[in-house]
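In what follows, a structure is listed as structure tokens, so that the remarks can point back to it.
As written, the chain order gives the labels A, B, C and D, with residue 1 at the start of each chain.
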Amino acid sequence: MKRLILLMYCPDKKGIIAAVTNFIHQRNGNIVYIDQYVDRIQGAFFMRIEVEGDFDLSNFERFKTTFNKELGEPFQMSCSFYLADVLPKMAVFVSKYDHCLYDILAQQSSGKLACTIPFIISNHKDLEHIAKQFDIPFYHIAVSKDTKEEAETKQLELLEKYEVDCIVLARYMQIVSSRIINVYPSKIINIHHSFLPAFPGAKPYHSAFQRGVKIIGATSHYVTEELDAGPIIEQDIIRVSHGHEVKDFILKGQDLERIVLLRALKLHCERKIMTYNNKTIVFN
Amino acid sequence: MKRLILLMYCPDKKGIIAAVTNFIHQRNGNIVYIDQYVDRIQGAFFMRIEVEGDFDLSNFERFKTTFNKELGEPFQMSCSFYLADVLPKMAVFVSKYDHCLYDILAQQSSGKLACTIPFIISNHKDLEHIAKQFDIPFYHIAVSKDTKEEAETKQLELLEKYEVDCIVLARYMQIVSSRIINVYPSKIINIHHSFLPAFPGAKPYHSAFQRGVKIIGATSHYVTEELDAGPIIEQDIIRVSHGHEVKDFILKGQDLERIVLLRALKLHCERKIMTYNNKTIVFN
Amino acid sequence: MKRLILLMYCPDKKGIIAAVTNFIHQRNGNIVYIDQYVDRIQGAFFMRIEVEGDFDLSNFERFKTTFNKELGEPFQMSCSFYLADVLPKMAVFVSKYDHCLYDILAQQSSGKLACTIPFIISNHKDLEHIAKQFDIPFYHIAVSKDTKEEAETKQLELLEKYEVDCIVLARYMQIVSSRIINVYPSKIINIHHSFLPAFPGAKPYHSAFQRGVKIIGATSHYVTEELDAGPIIEQDIIRVSHGHEVKDFILKGQDLERIVLLRALKLHCERKIMTYNNKTIVFN
Amino acid sequence: MKRLILLMYCPDKKGIIAAVTNFIHQRNGNIVYIDQYVDRIQGAFFMRIEVEGDFDLSNFERFKTTFNKELGEPFQMSCSFYLADVLPKMAVFVSKYDHCLYDILAQQSSGKLACTIPFIISNHKDLEHIAKQFDIPFYHIAVSKDTKEEAETKQLELLEKYEVDCIVLARYMQIVSSRIINVYPSKIINIHHSFLPAFPGAKPYHSAFQRGVKIIGATSHYVTEELDAGPIIEQDIIRVSHGHEVKDFILKGQDLERIVLLRALKLHCERKIMTYNNKTIVFN
């Protein structure tokens, strides 16, 4: 018995749920999770289903093919099928901050973050010792204005070689260019250290301090070409007061960043997110 | 026995606390609350003190005069003195939304909001029945592009006639001009229905929905000439999801708005806020 | 076009969703909301559906009868059917605290709380003026140890006379006996001023202060015979510190109480709650 | 220039602040932080001060002696003096859960948790690899009903040998006896995986699930002889719903546990906590 996860969307019309659940029951699938969402403004229907059944690889392929033919085409569905025990391969990009990296590696090695981590890339060597602590390959690829294109070529080679499925920018302080973004649409997850859309770009804690806000936040989102403007996966906040200086904002914020990023990564790795119209639909 | 509240700030130097507490003890004042804050970047010292003592009006005036002379001048202090039992007079400006108005009037009439409310001004008649329910004078002053100046003249007349101390814009959907702002610096409190500085201006819930945020907020701030950019008093947030439509954002947000606004009004009326460099220092 | 709301649960088995959605489509119903939940431990299936259709009263009755016969019996369903535009009649019980009462009446009169309020009952006269402000009948029924049975007889007469559907105990400081509870199972909603199961019973803020907690809470729940032990609908919290005294706990807590109670009442009135095994399932 | 931290409490009377600040100014100390709290019910005064000055070891000792003589005795003060750059030595006790341990070691090695960690003690070997990753001595001391006394003797030997200042029970699943508690009063910090006083003792997530709560919590507190009843340092919560099973409570709760525990440890290590009447006063 294996577990299959299906994410799908299509134009909303009557009978989709009945058709899909009938299809699964006829193949002796046992629906252990079903959730759906209708965007009435867009007229779009979204569904996430987990099915237990005899999904060896050939059955899995057959299920996909038949589903796409019998339901996908007539209902104009966009479908993604996953086997729950095939973990995504996630590359980690970092610079000098270690708090997100520690959380990612600790939770992955405890089995709480359902992915494999083939390697870590950094534009600095500062965190190499942490990669060693967790026995993960570490690639130092320096990035400067002049070497950026060359650096991204190296990065793409590594991503391809390891057959990476998704990328986390764990406080990677460089802007990733469209060369990489286009290869990984809705597959690159960033953590931004503000409550977007407030304070996009550089030094958000300094700007928040300057503005005198009473709450600071962190936002995890998919990376798109427009900086800090991609689909938001998760956000959270913490209170601050006039008594806190920028360094307090940073320390408090770092706890938020890692919590928010890890929540987003878990949702992504557990195939609980769909993106649509630059927003996320999170089945949780 | 009466309670005196002192708010003060001055350039930071050694001995301020000792000097002030000594001054009070020598006059048989009993300090029941003292809190201070030092802005090290600006080199500024802020303090809030509550003193119990024999403060009839002439003693109160004498305390102020002597304090200003003996401490205020040598330390270059800016001081505000209040008697706790002299409540501020707060005018309420509204348009058509009733949720903040209900909370203000209910809490004021229960004694939880320490102010008097001489009147309500609105550019619409929709909420007149609520003013009647609570037996507060209601002035309908319509505002259009052409009549704005004339309307503000009427508003100023009322504010002056009733000797108003402060103004709350309880979802008053008009921009207040500098004619009024200049008369009430750090005395006009607005509630903005977003987590500032995100989504300033009109229709923030629509913008938040459009952006696909996972958290919405409300911000209460003092009104300055730049729209939605004055010193922030209080903010709070509530989670939303892809399943919520704009109307859900609005309904959830309205609960936030009234809670955040009332917290700010209570802080203001209890003389717990100082403003400085377009920020608030909240002694709470 | 009217909107029908269906709440149902039954033993979990394959094909329920397909059967129900097929049934509705065959009668030209348009499903505008569907959500389901499976309790795998208990093997129980729960669903909430909103359907738009031609539900005049005779169609509504026919829909119920046919549904119960064709699906309810074979699947052993327990079903509740409502028309969205038939508002529940909710009686309000209060004592001396006004904060919850103000919120209930203000939100009901603004149309945000989808119910009618036939009357208010109180064991004290303190809040009669608020009933008058909102033009709702107010019945003062004093309760003492000796008169409790007699008082409850009067309460039951009023409840019956006005055909009340549900009751809110809006800080009603009396214990309601099983005589009333049995007539309104899962229909009496209480607000308790603590984070249950911490601090049940009397004076929870005093106990919380005594214990030195850093967070206080409020809990809205259905009333059952065991005090403060019924199914929890909604809870929320607010931070406190060593600097807060019991009176601060009470003031901060009252804001929580009214927010939490109103959220629970809205969920109840909008037919979004099912109870099962002394828990609530909240479709939100 | 070094930084001295002073924590003190005494019976409340006039002139304490003036006396203390005068004392410091006369010795050319520069007060960089001062905060005080008065418990009016108990008539107790609490203060935390940070002073910059020429505090080499002999000056530090002289400051303490003089302060105690000139102010401590006349005002009946209880004082604790610390040098900010002398970090406390904290022993870590764990069992099988790794999430708190990872956070403690990662944050300590990043310099965000201001302590040294001389060793880790565990009653199981499961987490030895993590100790190795971070290069911290790991002592496996098995504990059974019969060997508990012997085990605690070994623990005490290690604590004494390494001159440990404080102990963190990072999900250490054993009850620490009064033999150890008495040596470390207000120095042993535990994380309990519930919102105390709700759900003390074993399996709080299971009890929370059983009760159907809508919010779960975590509590960090000092260990006293009564189980889970010591002074609370920090608490926080996260929302849950009917859709979450016990395993979801546990996963969500673990994120809370580590965040709450680390906040408490930082406060303790930065000398920001006083205990009094089984409560904490947290200067933050």
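The criterion applied here is as follows: a contact is a pair of C-beta atoms (placed from the backbone, for glycine too) under 8 Å apart; a residue touches a chain by one contact, two chains touch by 3 or more.
These figures come from a predicted structure and were not determined experimentally.
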By the touch criterion stated at the start, how many steps lie between chain B and chain D on the shortest route? 1
A-C or C-D, whichever has more C-beta pairs in contact: C-D
By mean C-alpha coordinates, which chain is most distant from chain C? D
Averaging only over C-alpha atoms, locate the centres of chain A and chain D and give their separation in whole Å. 36
For chain C versus chain D, what separation do you get between their C-alpha means, in angstrom? 42
Can you pull out the residues of chain A that are in contact with at least two other chains? 40
Using the touch rule from the top, collect the residues of chain B that touch chain A in their complex. 37, 40-41, 195-199, 211-215, 217, 231-237, 241-243, 245, 277-282
In the complex with chain A, residue positions of chain C that touch it: 14-15, 17-18, 21-22, 25, 30-32, 34-36, 38, 40
Complex interface listing, chain D residues touching chain A: 98-99, 102-103, 106-107, 110, 112, 133-134, 251, 254-255, 259, 262
